[in-house]
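First chain A sits with chain B, and in the next complex the same chain sits with chain C.
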Partner chain A sequence: MSEERGLGMPVVFRFGAIVALSFLIVPMLIIVLAGLTAGGYLKFPPEGLSLRWVLAFLGLGPGSYVASTGAAGATTVFIRAFGFSFLLAALSTLASLALGTMAALTLTRHDFPGRAFIQSFFLSPLMLPGIVIGLALFIFYRAAGLGLSRSFTGLLIGHIIICTPFVIRTVSASLYNFDLSLEEAARSLGASPLQTFRQITLPLIMPGITAGSIFSFIVSFGQFDVTVFLAIPEQQTLPLTIFDHLRFHSDPIPAAAGIFAIVLVIVSLLVTARSGDLKAFAGFGKT
Partner chain B sequence: MSHAGLELADVHKRYHAVQAVRGVSLTVGQGEFFSLLGPSGCGKTTTLRMIAGFAQPSSGRIVLDGQDITALPPEKRNLGMVFQNYAIFPHMRVFDNIAFGLQVRKGESASTAQKVKASLEQVGLAGYEDRYPRQLSGGEQQRVALARALVVEPKLLLLDEPLSALDKRLREEMKYWIKDLQSRLGITTVYVTHDQSEAMTLSDRIAVMNKGRVEQLGPPREIYEQPATRFVSGFIGESNMLEGRVTALEGQQAVVALGDTQVRARVLRPVQVGQSVTVMVRPENVVLGAAAGTLAWPAPIGQIIGEIYQGAIIRYEIQLPGNVKLIAESHNTSEREVFPVRANVPAGWSADSGVVLIE
Partner chain C sequence: MTEASPNAAWPLRQRSFWLVAPPLLVFVVFFAIPVGTLLLLSFNAPNQATLRPEANFALGNYQHFFDEELFTDALTRTYWISLEVTVLSLVIGYPLSYLMARTQSPRWSNLLMILVLTPLQVDTVIRAYGMVIIFGDVGLVNSALLYWQMISAPIPLMFNDFGVVVTLLHVGVPVMVLSLMGAMQNIDPALEEAARSLGANRFITFLRVTWPLSLPGVLAGSLLVFVTALSSYTVPRIAGGGKVVTLSTLMYNKIQTNAEWQLGAAVGAVLLVTSLIVVYFYQRLTQRSIGGLV
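On to the complex of A and B.
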């Protein structure tokens, strides 16, 4: 649909849009190209193109990284980190969806003293630097002595704290212009509160929920600064693994990992774009 | 009322500082078309929402078919409700919208499709099953909303300003259509509106509400011809409201002095000589000239100070002695008497069509 709306805008604005887009896309292109280099170092422009490092990341292919370092399966380190980040992101997303949706319902549907305060409190992780949240949790876990320190649960809680505000935001947005008489109509037709929620409310706020899950997943998957404080001994996340690797090595394997992360995000966006939820995700137009 | 459909007993509702409904008591008979009529903010919707179970009365009781439903949740009340904005489920086809009530009650069954079909036929929308709400016009959405409410065979049909979102033409058409459907089904109906002509046309009885109270309750004719209060007579139709003092009482009539002018009107509630009252007369009941001369009481002489031509109706503005202004309307028939502006003519009304109002 290339329908023109309004009277159009000054040419300068379009130029600005192109500049902004370039800033978003160029780094991704550089990562992708760097990961596809035929040479042995992480640099740009690449020295010829090949799938060498992509295959190496997957633990396949000749002249692989494993041999050159001698470390037992450095590539599997990346694969495992990728898998771990995926699992962490999936669990954080599920938990944030449940918590965030309930919080959004309460915050938009009920009026109680201090609501505005609680609302901004729930959204504060969006505003606070990750370092602050990470440090706070780090100290809290140590002090609380609940065994959360350096545990998977502790890490997961950290990610849920980061992700939930995104769900609250997107779900609240779809609840703000929700017509309450739809629920009342359902109730008067004989539907219980639960039936009403499942058959009327939930389908209608689905765009917000989908948008919230995309946000949440991407944020958790790429999370770095909070994770640094909560890292656990058994397994590192992908961003931490990339960071560690860059400190001691100069090969392009992190770029290859980056390619996979980018592909993962693009695929998840494409899958949901079809349902039209992407507009709500980006905050464009109504759902 | 032998077999009462719905009864409200001294129902109150307060929202924090706002007293939305202050002691409404009324009874709606089986099969009756009952309207709640009143200006914006008088508590009509709140009353309806308490009947539907969306709002809980602060005090008072609501009884349906002999059962106290005050504390029942909406889904247990077996009522059909049509909302002002229709509240059609936007993510469901017309079929699923109408089937919703059947499906949540008993689950999908063989008879569902049949019932939906019959109900669509009833509202004149056969073949609309697969449309989505956004593909329907306002009038069609309204019919779907009605079909959806009626298909579950509710004990009571509640309608909150169902016509206000439609344009004037469609509103007129739907008004008669709803009336016809209601009387064919014989379903007890409570209809909320701020449009007095809607309430008049549709209702068996009307409760006129003001500031959370019922000011008058009765059939349209009684409300119009024998308003109980100044508010009711001012809200329903047009009226002359003449301030005066009772000078004498003669049976069912009072003689009221409006300054220097003596007029007569019916007494519906006890008044005393000397009491300040308002005499209410509908413009169409004011007669002029020769017709005024034949009244049973001496009509005062007034001066025509204005004339407005409205096609079927001519409106005169008349000044009675003592600076009392009176509006008269007469049908523009060929045999009507013509009064030039500034002419002095007798102006009066049959004593029974004037009403003495105290409140």
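On to the complex of A and C.
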């Protein structure tokens, strides 16, 4: 770390930074430890390490938690919920990427009356309480009688509404620095609009697309607030399963689930760090 | 090749205007109309039989809201907790984001970024649970203090306002750090060095140079953290253990436990509308003082 630039990092700042980092990181480590504890729950002094809760999460150990609807003993509530959340996050990311990129292209390349208003409209789900958005959709589904209430499509739509703003923000950011003459050159050399988009535009806005995909995947995967009112009877998401488990059990299977969630996040961040600069996240907010 | 001309790209740009239509349609149908429906429903008299808005509007639910202490308490508690979380996030996050903005080595910079982004992106249910493991009645802190016989009974650190604030801070600090960094990266260290070489000590340099230049980040970050704290349902639900009533948990109880659709919608509307008002005035105010942000 290069020092002595600017203020030269006063001691108070150094100390404060360490306190803040510990506050952020220690709970993550505690979750990992709790998921690996040999005891019934993590307490002081710790009772040693074991993989029993991780195995229980995977549906392999004696403590496994067999789904009442699933094939007996084959799968468990947790690993099925993990798979379901993964699928839901993948689908909402794909849809949000398409919708968000379309919106970003118009919003950054055209000036028209009401542009600023439409932009805030698209970004407003970021500023509004997720549980109110979920309730609004729930009321709307029931009032409209479209059969979307408590359906997979209805849940997916809720996730798309909160993921799309993230894509719009990241893709817009890469479009602002975009040199339009590159597209014009491709077009004048005979490329079709679609070819131009695929071979010129898309590669150049890829950092925005990657950041947007990762953000929306993570937001959907960990989503609780929006899901609460839209949850479907057949299959719960991972956050809801963990929440229900916490209400009735004291074992640390949720912490074992947390280990997998933390690994997923770190891997996705390492991928982003490789494909671009993580500092692009600076100035970013809410998940 | 028929279209090949220097202006060939123009039709592409013209057509790209209509790309906004599909996302706009989705957002109008599945966002604007549902929120509108919720607002309309909040003006209907309580009726457990239906949650379809009827053309019979009245202010009864809002009167109920402001007459009953449970509701007004939830309103003040929600805003008070959010304010505490915002101020504390700023105090805790400021030094860290300064360190991060001044870190030159890409390696260190990426490492610090990952350390801040990981807690931000791990889902809130798991993080809130982590805080319960640490601060709960049978949690690490209490079991360590009991083990060393420093206390005789667990101190209540969770399932109260304190627990909710600490858990929300875990969400608020990373958001604040990222916002602050955006502004701090643009501060030229030469300005601080100039102030120091002219005889200002570090404290004066910070107060007169660094702090004012970081203000756009402070203001943007504070708004984001405030709104995030205001909106959260997960944290008050888990870290509050059903004992801390905020607008979001109150709304949930009215709807899910009592099927009081219209009253629940009114609670949601109060949360929605008051937070929009806060955002609006905050942005007007900050636009005047620093010329626009967010």
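FYI, the second predicted complex is superposed on the first by the 235 of 287 C-alpha atoms of A that agree within 3 Å, B and C clash if a C-alpha of one lies under 4 Å from a C-alpha of the other, contacts with A are read in each partner's own complex, and residues count from 1 in each chain.
As a working rule, contacts are C-beta pairs under 8 Å (C-beta built on N, C-alpha and C of every residue); 3 or more make two chains touch, one makes a residue touch a chain.
These numbers come from a predicted model, not from an experiment.
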- Figure out whether A:Ala81 sits in contact with chain B (first) or chain C (second), or with both, or with neither. neither
- Would you sort A:Gln195 into first (chain B), second (chain C), both or neither based on which partner it touches? first
- After superposition on the shared chain, which partner residues are touched by A:Asp179: those of chain B (first), chain C (second), both, or neither? first
- Can A:Arg187 be said to touch chain B (first), chain C (second), both, or neither? both
- Between chain B and chain C, point out the one touching more chain A residues. C
- Query: Regarding the shared-chain residue A:Leu156, is it in contact with chain B (first), chain C (second), both, or neither?
  - Reply: neither
- Message: With both complexes overlaid on chain A, does A:Pro203 touch chain B (first), chain C (second), both or neither?
- Response: first
- Residues of chain A that lie at the interface with chain B and also at the interface with chain C: 184, 186-190
- chain B residues touching chain A - in the complex, by the definition given at the top: 52-54, 73-75, 77-81, 83-85, 87, 89-91, 100-101, 104-105, 148-149, 152, 158
- Task: Spell out the residues on chain A that touch chain C in their complex, using ranges where they run on.
- Result: 1-2, 5-10, 12-17, 19-21, 23-28, 30-31, 34, 41-45, 99-100, 102-103, 105-107, 109-110, 112, 118, 121-122, 125, 127-133, 135-137, 139-140, 142-143, 157-158, 160-161, 164, 180, 183-184, 186-190, 193, 196, 218, 221-225, 228-229, 238-239, 242-243, 246, 252, 254-255, 257-258, 261-262, 265-266, 268-270, 273, 277-279, 281-287
- Item | Complex contact set, residues of chain A against chain B | 179, 181-182, 184-192, 195, 199-200, 203-204
- Item | For the chain C and chain A complex, residues of the former touching the latter | 1, 3-6, 8-9, 11-13, 15-20, 22-24, 26-27, 30-35, 37-38, 41, 51-53, 92-96, 98-99, 102-106, 108-110, 112-127, 129-134, 138-140, 143-144, 147, 169-170, 173-175, 177-179, 181-183, 185, 187, 189, 191-193, 196, 202, 205-206, 210, 217, 220-221, 224, 227-228, 230-234, 237-238, 248, 251-252, 255-256, 261, 264-265, 268, 271-272, 275-276, 279
